[in-house]
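Chain naming follows the written order as A, B, C and D, and within any one chain the residues start at number 1.
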Amino acid sequence: MKNKVVSVEQAIEMIPDGAVLMIGGFLGDGTPELLVDGLIKAGKKNLTVIANDTAFPDKGIGKLIVNKLVKKVIVSHIGTNPETQKQMIEGTLEVELVPQGTLAERVRAGGFGLGGILTPTGVGTVVENGKQKITINGKEFLVETALRADFALIKAKKADFLGNLVFNYTARNFNPLMAFAANVTIVEVEELVPVGGIDPNEVHVPHAVVDYIVRGNAK
Amino acid sequence: MKNKVVSVEQAIEMIPDGAVLMIGGFLGDGTPELLVDGLIKAGKKNLTVIANDTAFPDKGIGKLIVNKLVKKVIVSHIGTNPETQKQMIEGTLEVELVPQGTLAERVRAGGFGLGGILTPTGVGTVVENGKQKITINGKEFLVETALRADFALIKAKKADFLGNLVFNYTARNFNPLMAFAANVTIVEVEELVPVGGIDPNEVHVPHAVVDYIVRGNAK
Amino acid sequence: MIQDPKIGRTVIAKRVALELKDGDIVNLGIGIPTLVANYIPKGVTVFFQSENGILGMGPAPEPGYEHPNLTNAGGSPVTFLPGAVAFDSATSFGLIRGGHVDITVLGGLQVDEEGHLANWMIPGKLIPGMGGAMDLVTGAKKVIVAMTHVEKGGVPKIVKKCTLPLTSVRRVNLIVTDLAVIEVTEKGLLLKEIAPETTLDEVLKYTAASLIVPEKVPTMPVTL
Amino acid sequence: MIQDPKIGRTVIAKRVALELKDGDIVNLGIGIPTLVANYIPKGVTVFFQSENGILGMGPAPEPGYEHPNLTNAGGSPVTFLPGAVAFDSATSFGLIRGGHVDITVLGGLQVDEEGHLANWMIPGKLIPGMGGAMDLVTGAKKVIVAMTHVEKGGVPKIVKKCTLPLTSVRRVNLIVTDLAVIEVTEKGLLLKEIAPETTLDEVLKYTAASLIVPEKVPTMPVTL
């Protein structure tokens, strides 16, 4: 069987300029920093990044912004990274804002084979601009469409060699959702255990959606 | 704080005739049998049951059918329970069939505050009758609306006194989804542990959605 | 009118805290709402939910006890209380959108006569993004806005009609400021309480929306 | 034509098993598809997914080792292989609908010239419900129909146009019967292989749909 374990360099090599990436993390907590650093080192260009936020200038996805690898972000907020706002105002970075719960469902829908979801969030606000609306039992909902990516770069606490994943506390956030929603899913893990080393009840993401595993700092 | 632990009798007493119930389980695996038996003992009538299936005549939800407590079921299949088919043909039981994956998403949508989901499943089949269709990027999807219930009767392996839940293997199935989707959620558990006795990473359903806890056979 | 802004913020937090009931699931926004956690009444146990994926969040850890994978929605280290749970972002917003959060306390830029809140952007000036605010206001059982009554310079934030982009068309339930407690009712904004050291005239002067003023308006039951 | 139905079913299962590639995620329906698990080629590791919420399902346990909470989609006790995972029904169908299952093998009542499958009801006669079949056919990367070529009485199940309600408008990829292997192509149904002890004439006689028949049609590479 295919060995999914690769080096950071091998993982990064697969990603072309212009790729659409989903990157896990919430203000950097749960972001695969080795993969982020790998993208910067390789000098990737024109990336589109789907993520919860752009973190801080010196942390997580923020570093990709500061180093100008990104042409577009689809995120729920950018308030913690002044560089994102600066590039947006300068017109060098496109920013698409999505309510956080809607973003989570759109990513999940992409991975779960759904066309999208119907949400009350955003009805009657600027978020509804350009979107279809549907009324069910007299209540209006926005049609929010599924999101997919070329690559998902995610971070887990633990994996077995098959790619079954366990996440840690608030580092879980968007990571499990993104694992399903990309053509290629690469996970950076802190701990690699033998197959059979994780209780079947405690796996957060089944190996079926994981393509490559990169060992993190704690080997 | 409210003590959520109640007896089977106290739990069943809350449920009026004619109630809409979601009941967990897959062919009986993961069905709260004590609560099912409680409904039968109390002689409830005209129930609507949302569940994956009607199990077998002598197991799980099947017993509710055999004892004629149910006027309508919303399920994905009835093939394992001849009594369900018999009552359907006699016209005493209404059967609404929903594709299993669609049923799971409709229940989840009900619990997660979504109006529904867009699925490719059922497009071009009898399942699309009477439903709205939406085209996204040239692909057709059915609008499948959210389901909710008055009560969810679910089964977990383990709970703490707050109601944090852990499910066991294939007994998980619809139980975690239904926990969110009812006005009142009652869980039958095999094991009750102190608050703090479950690793935060290993909880499958957070206590916020659990209203009452019934101790199962293994106290 | 309370002159010291710090005391003003404390009054807001103390007053909001009185709205919390035993067993409530509570989501606190950043800024003033965060302070509410410091004033939970005795005998009341509430569970703090944070949209990054935790229920049962405790206060900041002692120095040296910070863990990089246990943070709040502002990215700061927090702790677990007994019975805490971690979950993914979809589940977190399932709780929020699905009505499983009893109370959310959020900051505000404007609230209008219809109870509509604007709190996520100032066009051409400040576009941080909505984060989880739109889902929280749309989905939580009870929405409390905790904010200063006026902007710096005395510009009212409670207005006839929001000029800033709305967070949701779902009406908020209660507005708690350093001047007053105002309930959003079917008939309009009802003045429920006035802050200590504050007069009715001051409340009316600094409010740009119509208020329903009962004959007797009690003082907020908080100590300065 | 193979006369013994049991041998016929075995041939189908053995032939389908040759379609499985190392590392595949596979979902087997009830009936003939279940038999496929007995004939996985040497050196090929596949992972069986079952829609009730498991990936990495092993065979039936030894007597006395049955656990009530470890069953397959037919309700029968199964076992865990190393690396097995349990999940809820939404995740299970997320895997299925989302294209994360490489191959699903399902029984069939009819398949037509367009590759459409009907396998979940016979109006007025048999209405067991679609269970997970509609999601599986719509979402799996590759759909293989494993069925007898004809009904009892010799009525063809491969037809011009399905008269029974469709399971999905997504075309199946391959049909494996006790008479033939047929691929669903853009141009129509392509006869790929003929079963042992079976003639081309027999295949054509028992097929009610047009078949594209290449000059040479090999025999299925399976032993009886």
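Here are some notes:
In this section, a contact is a pair of C-beta atoms (placed from the backbone, for glycine too) under 8 Å apart; a residue touches a chain by one contact, two chains touch by 3 or more.
Small disclaimer: the values here were computed from a predicted structure and weren't measured.
Common neighbours of subunit A and subunit D under the contact definition above: B. When each chain is reduced to the average of its Cα atoms, C sits farthest from subunit B. Computed from the mean C-alpha positions, the centre of subunit C lies at a distance of 56 Å from the centre of subunit D. The geometric centre of subunit A is 32 Å away from that of subunit B, both derived from CA atoms. Centre to centre, using the average C-alpha position, subunit A and subunit C are separated by 29 Å.
Chain contacts: subunit A has residues 105, 108, 112-114, 119-120, 167-169, 172, 200-201 touching two or more partner chains.
Looking at subunit C, one finds that residues 54, 86-87, 90, 93, 96-97, 138-139 touch two or more other chains.
Taken as a graph of touching chains, this assembly fits none of the simple shapes: it is neither a line, a ring, a star nor a complete graph. Taken pair by pair, the chains that touch are A-B, A-C, A-D, B-C, B-D. The residues of subunit D lying in touch with subunit A in their complex are 22-23, 25, 45, 47, 49, 54-56, 80, 82-87, 90-91, 93-101, 138-139. Per the touch definition, subunit D reaches subunit B in the complex via residues 50-54, 67-75, 86-90, 92-93, 96-97, 127-135, 138-139, 165-170. Of all the residues in subunit A, the ones that touch subunit D in their complex are 1-2, 108, 111-114, 160, 162, 164, 180, 195-196, 198, 200-201, 203, 206-209.
Per the touch definition, subunit A reaches subunit C in the complex via residues 26-30, 52-53, 56, 75-80, 85, 88, 95, 97, 99-105, 108, 119-127, 157, 167-177, 204.
Within the complex, the subunit B residues that touch subunit A are 105, 109, 112-120, 132, 134, 136, 139, 141, 143, 145-146, 166-169, 172, 200-202.
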